[in-house]
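These are the structures in question, set out in turn.
In what follows, subunit A forms one complex with subunit B and a second complex with subunit C.
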Partner chain A sequence: MTAVSAVIRNQGVIPLTRIPVVSYPEFIRVVDELMTGGLHCVNYFAWAEGDMLKFIICLANDSDGTIHLLMHKSPKRTGLQLDALSLQHYQLHIFEREISENFGVDFTGHPWPKPVRYAWNRADQSKLINNYPFYKIDSDELHEVGVGPIHAGVIEPGHFRFLCNGETVLHLEIQLGWQHRGVESLFLTKPGLLQRTILSESIASDTSVGHSLAFVSLLESLAGINPGETLEMERTLALELERIAMHLGDLSNVNIGMAYQLASAVFGTLRTPVINYTQTWCGNRFGKGLNRVGGSHYPFNDELAAKLLDLMNKVEETAKPMADRLFGLPSFLMRSESIGRVTEAQTRLIGAVGMAARNAGVARDIRVTHPFASYRNHPIESQTLTQGDVWARMMLRNLELNDSVYYVRDLTRTWMDTHEPVSVPAEEKKLQLAADSFAVSLVEGWRGEVCHCAVTGSNGAIVHYKVKDPSLHNWMALALSLRNLEISDFPINNKSYNLSYCGFDL
Partner chain B sequence: MIPELGILRRHGKQYIPDITAPKVPGPFKGRPEISTAAVDEAALADLCPTGAIGKKPVTIDLGKCVMCGACSFAFPEKIKFTSDYKIATNSRDRLIVSEGSSDPIMLDESKIRSEIRSLFGRSLKLREISAGGGNADEGELNACGNPNFDMGRFGIEFLASPRHTDGIVITGPITKNMAAATQICYDAVPSPKLIILAGTDAISGGIFAGSPALDRSFLGRYPVDLYVPGNPPHPLTFVNGVLSLVRKMKG
Partner chain C sequence: MVSLLIILICSLFIPGIIVKTKALFSGRKGPGVFQPWLDIIRLLKKGSVYSSVSSYVFQLGATTYLASVIVAALVVPFDQYPSVISFPGDFVMFAYLLALGRFLIIISALDVSSGFEGMGANREAFYSLLAEPAFFILMGSLAMFTGYTSFHDIYSHLHYADRYAVIIAIISGYVLANFTLVENSRLPVDDPLTHLELTMVHEVMVLDHSGFDLGLIKIANNLKLVLLNTLSINCFIPQDWPVALQVITFLLLQTVFAAGVGYVESFRARNKMAMNPQFILSISAISLILIFVIIILNNKI
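Moving on, here comes the complex of A and B:
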């Protein structure tokens, strides 16, 4: 039987009435068929409308660039029970957990019906973050190690609970939610265009460019604005600069964990001119202020282009000898090879995205499969490694760093040859968003797939806004990578993923 | 040749020799200057996403400003951001910049507790608490200790255990979910101790102000020793701010 679902493409808009609303058994059947056929879930969420609870799933087909949409709905009531789809498709576990936490839906048979982030508006206020139902072990031989929410370094909070046999970790349970700021509800209660844009830049500020690009693209598609090729090139350059800066920072941080001071210093200080360049462009080292709906306050110019080419030369000349040395060092190889390994099968099972997928044999890259901005006309090549260990995550950053440098160079030259004037950002009062519609926007940030969705009401006002950071999928990869590893390997392994806390907690 | 030698030679010296003096490139937004030009003040105040702009006289509250620049784009004759990054102070009122003023933002010396300079002037260890921080604030605090800004040379350092530190630095708007941990961590720091708020989110909640997911009651219980504005705060703002708190600075 063929699946019944609506089909759109990345940054597409569709009237809500054109998305099939099916019974829950039919929903299960169609989703099962599509996911068995290889589609992966980029979002699945619910929102309340009157006394109804509406659910929508977005499944991406990586081979033809389509996104399948399907809905089901139920009267909103306490104790609503639905069969868990996670049983067949484990990657849905986190989405069902979130729906359950927010609306009190009981997904029967769910393997892991635990809170996600203790959102302020969760259905069951008696569940408290300091009372998380951790897995317990009943053994005199084993012990538990608890770390966090506050960690040793200057990083975001999260709690890690290790179940250990001596030095060996049997299982790591990760409890998040400490960073929950209520981002999604603020998108509705702070409705100004500029407020929303700044919120998008603040979801995970190390991905300011990635998240704000997802936001402005979503708004532009709802408003029917074509940003034009020049602006798209400028946004793409900013996104690749964010990737370069973060990859350099992570190459540095893992080396701190390995006590290889030289590589840490070289990669770390090389990040400085990259983020200072972004500051020269827009005044902010994290690219805040660059992405605005319909235009830019900081149009690129010839002087910036020339400086960018110089910067790329500097990055290449500095990073390459250091990387050559690092990846040939026996001590580095010993500390990274086979450490924190996640298999391809596990990666597919949990629906990992971005680098957390590409280091373990799963070629998932929105820039290639659902291209946006300049990746449509200027394709980028994406790399996939198979080892799935700390080494692969480091090597992948190294390879992607080089690819981004080449890509930025090419795109800068194209910009120099073809650029046209870029307009100032759109005026809020002139924006009319499509009414009664659904829109989805996918961006490949440096961690992976960023997904923003919006539902509009009859006057075009946004009635529901949904954000997904790649870390929503990927924290499970970190948990799996710890199995049977020595607990002392946790820091380098954790740094090798560098997942987002606030992006998950929202 | 041993490859490390070539790499080291290329690496060279990275530190900024005089941390009080470097110029920050580009359209960096530091201390604003507000002219006395007459503009539609209501329209100006309305456009600000965080309510940082006051009317009659026109003011900008750097404790609320997320440095988006929108006011300066819409009213260039009224508002300009200078690249003066020395905008940290120990007085909440001094974060409010009024029209007609181009004075630097300074600390209120009379409010600095006497033990701060005698105890922490040459060594200050800090415990950072991210309580909803977006990871840019944290990134910039980490950068303060990197080979460029190198605040370790002034004896300023972030440490893991609150027991070994002289105060806390809070980033983020302080979420409900981090409220208890923030208090526990502060309690674990031996007295006398400092509280530093780093970034607009920590100072006022920033774009998250008013969110029901926050619990900022901790700040009502203790005096704050230093406010470091910025979205995120620039490392130069943080290092210079902390130095002027714990040491008597020239000029």
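Moving on, here comes the complex of A and C:
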């Protein structure tokens, strides 16, 4: 039998004609076979081309670093019915819901057929956020508690509905889709390179380096540009700095939720010099403006490198004693251990990625399995814990924080020894993207795998762009973590995941 | 009168001292010690907003709560100096005046029919139910020990009745201090600073109170904190000291208590909600020890 699926590597490009297009039953068979073999889905989406609807699935093999691609086609018409793959592989539920929402495809047998984000160009305009089909249990003993969409801390909008038996949560349903920026369609309607780059930085501002790195790598692979080792090192430094800053911020934030003031103050104030460093480097605390296609406007220099080494020493000196104290504090342990447990089986079932997977025994880290940028030549160690509770999520942040500090230090020294001049970003008019191709770019942001995919047309213009934030998978982990837990434990659970609302809503 | 005066004076700065201590421990400068009262003045200048689904029950809440705390303040003595009102069994009235205020706040929280406030009311009712035995076992033991049943008489005779009075004063001071933490929704039972409705106890009940009403509730909270503090501090001040020294010691102990609360709240996390009943019952358990000590001392067994 010939190759049943096309195989590429992370940040690879493949002509569309080389991706096998199979019938839907065959598609189901191959996907089922691959996923049963342990592959996880990084993206599955559809786009309309003429009167045809084209579907493509990207399955990542964590053991050999490959990504399997497979397509199927259907004529575009209302009421199109396809068998739901989610029945066998539940992690696909969110992708099938998205396709169903955007194109009106009816996945028969889908266990949870609900709208995802109420995009403006959704197929069925009669589906409104006000008539979202909430899960209900008819009982006089149970009560519902609705939280949001306006958040108590006025962060982002999201509605949480708890079905409670007294103080115990039986079920939590998370309803998102309150923001309507239309990021994916903006990628098509705003053709300018700078417009698109800035857009990628704004997908989720707490992951601006992660998302913009995914975007620029994608475009570089489509345009055949090799960014060069030095530039890759600089980008990797920025990505790790983002991870350090966000982990510090989250360690602080969970402690605010637990009312442990000391740790929240120490980690919180330590985050400031880290993001201020990024500002010194590129003028923006979140690293906006740093990642540009083919080069950099803010080349790293020796002075910055020396400052970075100092900063890493400071982070290590301050964070370590605080972490030792925190993880030995009885009241913290009481508050965090066995709270919000998600098992390994559940994690695999829902296809959680990144931190949400690694805290529950699923070693899923793109930096290790599908290395990109400097992780290819300078491997990083990835940590996996098995407990899957609030404690594990806090501990994992602490461990990753330490690893990142060491890694940044090593990489900075390597940069000092080996760096070469970095070119200025490529000019838009000189950028020629590969025609009729498909490209995928995976980046391990601090939350988990960020996946950007692009499909180009016959003149090299992008005809479809797909963004996937790790939160798309991971919100389900938060919902599961609340099962049979006290409702008062929701805030620390939510903070311990710290998922993205805008990364989901797009 | 002297007791009421000194309680009012303390309530001016004690809440501010807790906030200041916490700020200093976290490396911030923090607001001035009178900031809580400046906030209250700001609130009092505003009007109140009433939800269209609430009734007169909701509007009763804040006023009755403050009134009940003020009347309760009248029976609290300062050391051997009498309170404004004193009669046998006044500590029972004290406890149930506070309970009355709490009841009104609870039903005003239920009146707005919000899921959050219902949960908060449920928790508050449950915790105060558990905390009540601690107070009555303690006051009952002290009444049995001294042979009197009013706050003033109990405190005036506590120090002279027996040389074991020191131990008894220490245990009752400890129990009352913990009782104060529970009653005033401080750590580890509640977190007065949290913005997370789902974890709140007292704060979530007053979410719908605004402006003037919220100001009244905050005044009542401040008074209640100092009132209950006074009950435990009274156990420690010797009665043969000159009055000036007693006042200074009293103010000092109030400050130390407030700073202590600030210290505790800076260096520990709060309890898991399910642990709270256990924590509150342990206070009752300690007061049970006291009653057995006193039974033995009085040769009742």
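Here, the second predicted complex is superposed on the first by the 503 of 506 C-alpha atoms of A that agree within 3 Å, B and C clash if a C-alpha of one lies under 4 Å from a C-alpha of the other, contacts with A are read in each partner's own complex, and residues count from 1 in each chain.
We adopt the following convention: a contact is a pair of C-beta atoms (placed from the backbone, for glycine too) under 8 Å apart; a residue touches a chain by one contact, two chains touch by 3 or more.
In this text the structure is predicted, and so the values were computed from the model without any measurement.
Once chain A of one complex is fitted onto chain A of the other, the partner contacts of A:Q88 are absent, as it touches neither subunit B nor subunit C. When the shared chain is aligned, subunit B comes close enough to touch A:P157, but subunit C does not.
Judged by the touch definition given at the top, the superposed model places A:A265 against both subunit B and subunit C.
When the shared chain is aligned, subunit C comes close enough to touch A:S488, but subunit B does not.
By the touch criterion stated above, A:Q179 is placed in contact with subunit B alone, subunit C being left untouched.
After overlaying the two complexes on the shared chain, residue contacts for A:S23 are found with neither subunit B nor subunit C.
One of subunit B and subunit C touches more residues of subunit A, and that partner is B.
Overlaid on A, the two complexes show subunit B and subunit C touching the same residues of subunit A, namely 152-153, 262, 265, 269.
Residues 3-4, 6-8, 10-11, 14, 24-29, 47, 49-50, 66-70, 73, 81, 128-143, 146-148, 158, 160, 172-173, 175-178, 180-181, 185, 201, 206-208, 210-214, 231-232, 234 of subunit B touch subunit A in their complex. Residues 143-147, 152-153, 167, 255-262, 264-265, 269, 329, 331-332, 334-335, 339, 486-491 of subunit A touch subunit C in their complex. By the touch criterion given at the top, residues 118-121, 129-130, 149-157, 177-182, 185-186, 189-190, 192, 194-195, 198-199, 202-206, 208, 249, 262, 265-266, 268-269, 272, 276, 279-286, 288-289, 297-298, 317-318, 321-322, 324-325, 424, 500-502, 505 of subunit A touch subunit B in their complex. Per the touch definition, subunit C reaches subunit A in the complex via residues 22, 25-28, 115-116, 118-119, 187-188, 191, 193-199, 265-275.
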